[in-house]
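Following this line, the structures themselves.
Shared between the two complexes below is chain A, which pairs with chain B and chain C, respectively.
For the complex of A and B:
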């Protein structure tokens, strides 16, 4: 069994990561997690990262071994949709108490696993390590091993206690857990030359379902999606896929690369966001499958589908072109979404005044640089205050962002549209692009933004409040960093 | 037996027992039943455009009216004055209605008496009832003032209130200097908002114009105070308290004319308060000297405001201000009239409201609403919905006429979200039913009676209006001011999210979208 001490550095050495390759040996040793600045606002922890990466596997019980904090705050907080089991949305935790901290929580964990097996009989139980048992020394690996033997079911330890690092590291550690304990442990009922894996897609707001019908039409089967709307059996037998697409580049690159290494499954990095990107992804999938022995006619069928769907999408987008042309958009979002949405919006004549690259890989950044023509518009790790300043200067008509930054945006009188995990609309695929544009159009035309930007109609008091805010903004330091 | 002494079932359960179900089935055949298919056909037909056209061609019949009668408004206006007993000259049955109507809405007793006219009074006139009635009311309930209004019965026979009250005073029913105001409030004219207007004007006339010739008329000596008339308002408890807070925040000296916020919200502390709070009679008289009067509901003060303006005051008429712009207008007018700046506290509340609207805008944007109710209420709510990016596609009022409809149309024209919206003056809830079937909406806003429409048409009801009988205590919350708009926003959002949950809660079918974060 791999220990955390062995796994974490291994993840840091990820050779598939372009950024990692570019580092010096000493830098690489430090790992890829940015050093957190104590006292500064920070993102989620490794546990959170592991949980969100695996929780979309719908039919397993996700048991959090720790005090109530970890599961209590993260229970069902992501909109990863399921087409079948809803067990993944049930909250399981050992809810450790003082006694467990003093005398150890292993027995409680074992009993918890037993109770889950008795009551829910899931195909597997995923056990998540958290800070407290990691510090008191509960041997989760051993408990899982014992439980797996006793109950005859896979009990998967996910060793990513919060303190080891960032959310992103947690994503990768979760991937390692899958590689170590799940992938390759079962066989699919049958295989076809058209079987693919999709890695790093979480089916948020049901996005996978907007893509799946296109693949269905081409006869391409998603053998496993890691991990959106996935079942344990699918993940366990995913090693028989012919090709893979990696969607979220930063989260599970280690999984994609190691599956290539171990099982010879080639992968490419693609995106479902934007018309052009969606088409490219379909082409790549077809290309890889044909390379691996699928009949060559797949290519022609794929091109026909792309032509048809693109025409349909553009026809539906056409009415918005006029309304959105010249609008200035600021993108504050993570990873892959930045460049894929940039391309999509530019197709509509929207001007991108800036895009965040905080969660983007070097390749992501290259793409954005290409698209935007220079790095002046790229915004790295932006603190709320700086973001506020930038927004308040009203260099954009709308901000596309996630649930945390949007509230800062609002204070700076900036319309926003949520495109991160808490959103409620699916923006993937051709259908999703139309949806996104509709939502942007709606957000821009909502009367509240006029209200938000207009000072209160009384002059004197307005100076009091508005004037002070403007002064404060002016006093802030410059905000843009490459 | 379905019912037994060991386990007595109440009405929720009893008639669902198999014995009763069977009995009902058997009874049916003796009740001239219509074949199910025919029943179904007609039901479906009532949902069509064809039926709607016939429905809207209706000339005489009113079905499910969204209005009440003048004396109801009369009582509303009267209880807002200090220790004032509303006295409705006419038959006592009507008065029982007003009392229960208010009590069911405000969950408080409503003191109100009638002159209990009977058959002989109908023939010979109600003078004796007035004489005896005033004497009894004065002696039994010890009011400081009696506000007389009328039911239809007295109006049909044409009783002259002024003369009757004079006679009663001469006969010693009440002391000569005791304040008895009067207003004719026939139910066959207008609605409860008209009755409110008439009584408000009657009370002001009484104090300002020399108490029906028994005292010299007051001479206006202008001061800096501001009068405010709330109008007939189901949220009067919360609203008037909010308005007082606004006034205090800006340091404005004011008189609220007709303040029922205390008498309809008395504490349970062992003491029965037949009268509580209200505008003092002295303030009512001195209100003449105020710099200006603001009416929060134009259509509740159509006669009162011009009367006040005639005394030399400036008047401002609003339409049940709900939302950012409507509240802005109210505060700007207040600031203009008083020369006082809008307080930082209120400016902050404004910012918070805008913030809250922006936080939730995506959920309301483009949603279609139908609204019915009193003229001013519908205007206020429609304005707020337009501000939220919603479309108030059907605005209907039974007691709103042409002038109201023109004003609503003006509001529609002011916003791109009003483009597909229509106003329906002098229509009832059966018209609304046709509208909801032929041009469905996402949500319906109205009073408790809307629950039948909700059941019938499936349009989820957001309860805002008067009366609200089947949900408790919302009248304690303001809907005016920035804080009030926040309440309205939350009520709308609550329903939107409830609906969202409701449509995604089927286990294994729709619950993939049954989310904890909305």
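For the complex of A and C:
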């Protein structure tokens, strides 16, 4: 059964989650849905999370079953890039009206699937449940099943209506949809001992493409990325990979663990952010592949590539080290990004005056604590007003955060850099680290800061630009001045 | 005369429409020291928030009652209560504007009843204005949410009078539709003040979302019209409503306080602005100032210079009804013809459009009708269609997330119309097709 009532608690019982393991049995039963404070909450819903996790699959039609708000207010707003199909950027929604709410929206949903298949012929349709049809009882699982039979195509129900919880829960429920309906349903054309999956990487701003050339050079093939720049067929046949890397520690841990359980694919948790982390990740990938039977010479080739790339990266970073040394950064972001970016910035001698851990797991927090040498600079929940104060009082030189808090920094007339999903720059791998540092340097050294902080001088009584002219007139012979 | 049709598709592809509560929330953002609050799950708020942040490039005050599954089924009284208390404690607003969503309307939460209960339980909230507007996502569109909110604001804050008050002859109410930008409001304020009149805008986004730098961090709206200003609207001499969507609000204000209203269905174009300026001149008893006269001359000159590039051009527009009307009518007055008109919701103006059919539909419909067009006019989501069709796009409306200065686009008044003649004229001018040796060759085989 893939009913939500069955899936959600199961996701909460994730044994791969360190936080969950640390709980008492009774606490664990409560699940990990945090009670949100009405009137003081921020962040997306479970549907948002599911969409973030799956929409990067590029050749699939993503159909949102709900009223206009869920899709109409949010479509085409993420920076996941595609090397092929652009269908994932086409928006599909049933735009439920009052009649659908009263009499049920199943028929409209079925007809919508048909229209999409007739017009766009995608290899599969993903159908997202939202709050309203979840309340009225539209059985989208049944509709998807009927449509799959009728049209002979995979129609995948993604059961993550917004009100069941946070964005993070939605990521996991999306993962469950892949496990239940997609992964293992097709076979790859061929396999190699160098096939890996990358889980929880969305190719935002093309970050996967900063890593892929390195893997290509080593002869390592990304069989499937979940889900950045992925095609349906790749995800469906991803169960034949030899090893996997889990990039975002919270988003899809259930997928990594269950694929290990079901298909014997070992995984490790790594990051592409920062020179050191990038190298470690390449090492781990090579190690796991060799363990699974790839020729041992892969290790030496990997080390050679790491040595070459690190030397090149540090040579390119050297000019910035001096410019950025001692600069103070306030880092407001979630999950894995916190510690990987902290590590990356510390490599450059930048001081971290605060790092948010609001969305981080216990393991994430420990990593940050280690990196920062204590928890003094860990921020659990910072109100915008406090961020503003910190910046306005110049206790930080720059803020790195997501788009929605950018104006807290800008209104305090302080530099800001986007490190969230709407960003336009790619920061992964060795290339990305150089780009990140260039961007920070560009932000800090921009000449606007001096100008915008200048108060309007209108109250001044001393002579300004007109001083020279006044002096010239005063110097005229008395006969003319009169 | 147009036939108004509703798209028969089951599936909306590339929506033109945005949801009603978001329009309502934006209207609340034009009220001073206000915190708009969506009564729904937290995603309802976060999607809307991100959209408005990207459009205005400003902090957006918008909160959520954070309804989870259980609260949704059992009813949201506690969540609404807690949200109000938390907002008051954290941000000390003068007004909290509550908008319902699809999820709470499906349940049927009686929010008016909730507010009565909450007021009874918490006398300390006596000074906080609480305005509720019912805006289910599964009905109507952005423009409707905005219009309903203005009605509710008048209902809540403008007292009903028995005997008509002494009118302040120089005071003018302005009820702008949601298709006007903060820049448009600034322009209108300049024009109205140049006649010695004092305008009050409701809502007034020009003070709150015009991109100024405040001295202090404010979690609520930064500017906008105050509660006291709204209450005083009943004593104004006239109400000017801009856009057909504002008619119900203007009618209500006339009924409650006896303020007579005039409605301008658009302020783009020469003739509508002539009417507007004549009206101001009559009610103020002053001739049009030199500045305005010069602007009229400049617009006429711009129309003469620009008409070459508009003549017989085919324009496809996707916009909410009042914006579609404003820009569509003006474009035809410049000599262009409407190739396609797609909109989001019903309006009495639609059937008067100079085109055979006006479709309540989506951007896929617009794209399908725009293959032969010379120009697309719609919001930023038209970028994919523009790329596929190879037809240039002029971005107009909300959201405009891939360009700077959305808040400062000015298209009203003589000067705003002049801007638009130049901006769109330049797009058409740069898209002129160069002649080729085969351009005039008739090829019967290919026919």
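By definition in this document, the second predicted complex is superposed on the first by the 448 of 482 C-alpha atoms of A that agree within 3 Å, B and C clash if a C-alpha of one lies under 4 Å from a C-alpha of the other, contacts with A are read in each partner's own complex, and residues count from 1 in each chain.
Criterion: contacts are C-beta pairs under 8 Å (C-beta built on N, C-alpha and C of every residue); 3 or more make two chains touch, one makes a residue touch a chain.
Since we're looking at a predicted model, the values are computed, not measured.
Undergrad: First (chain B), second (chain C), both or neither: which does A:76 touch?
TA: Both: A:76 reaches chain B and chain C.
Undergrad: When both complexes are superposed, which of chain B and chain C contacts more residues belonging to chain A?
TA: Counting residues of chain A touched by each partner, the higher count goes to C.
Undergrad: Would you sort A:93 into first (chain B), second (chain C), both or neither based on which partner it touches?
TA: After superposing on A, A:93 lies in contact with chain C but is clear of chain B.
Undergrad: When the two structures are overlaid on chain A, which partner does A:43 contact: first (chain B), second (chain C), both, or neither?
TA: Only chain C is touched by A:43; chain B is not.
Undergrad: Scan A:68 for contacts with chain B and chain C and give back first, second, both or neither.
TA: second
Undergrad: One more residue to check, A:407. First (chain B), second (chain C), both or neither?
TA: both
Undergrad: Per the contact definition in the header, classify A:458: touching chain B only (first), chain C only (second), both, or neither.
TA: After superposing on A, A:458 lies in contact with chain B but is clear of chain C.
Undergrad: In the superposed arrangement, does A:210 touch chain B (first), chain C (second), both or neither?
TA: A:210: touches no partner chain.
Undergrad: Would you check which partner chain A:446 touches, where first means chain B only, second means chain C only, and both and neither mean what they say?
TA: first
Undergrad: For chain A, which residues lie in the overlap of the chain B contacts and the chain C contacts?
TA: Residues 75-77, 86, 407, 411, 422, which sit in both footprints.
Undergrad: Could you pull out which chain C residues touch chain A in their complex?
TA: 9-15, 17-19, 21-22, 37, 40-51, 53-54, 57-60, 63-69, 72-73, 79-80, 82-87, 90, 101-103, 106-107, 136-139, 141, 213-214, 217, 219, 381, 384, 401
Undergrad: Please give the residue numbers of chain B that touch chain A in the complex, ascending.
TA: Going by the criterion above, the answer is residues 324-325, 328, 331-332, 335, 341-344, 347-348, 350-351, 354-355, 357-359, 361-362, 365-366, 386-389, 415-417, 507-508, 511-513, 515-518.
Undergrad: Show which residues of chain A lie in contact with chain C when the two form their complex.
TA: So the residues of chain A in touch with chain C come to 33, 35-48, 63, 66-77, 86, 89-98, 100-101, 108-109, 111-116, 119, 131-132, 135-136, 161-165, 383-385, 388-389, 392, 403-404, 407-408, 411-413, 422.
Undergrad: Note which residues of chain A are touching chain B in the complex, please.
TA: Listed in rising order, the residues of chain A that touch chain B are 75-77, 79, 81-83, 86, 206, 407, 410-411, 415, 417-418, 422, 424, 439, 442-443, 445-449, 451-452, 456-458, 460-462, 464-465.
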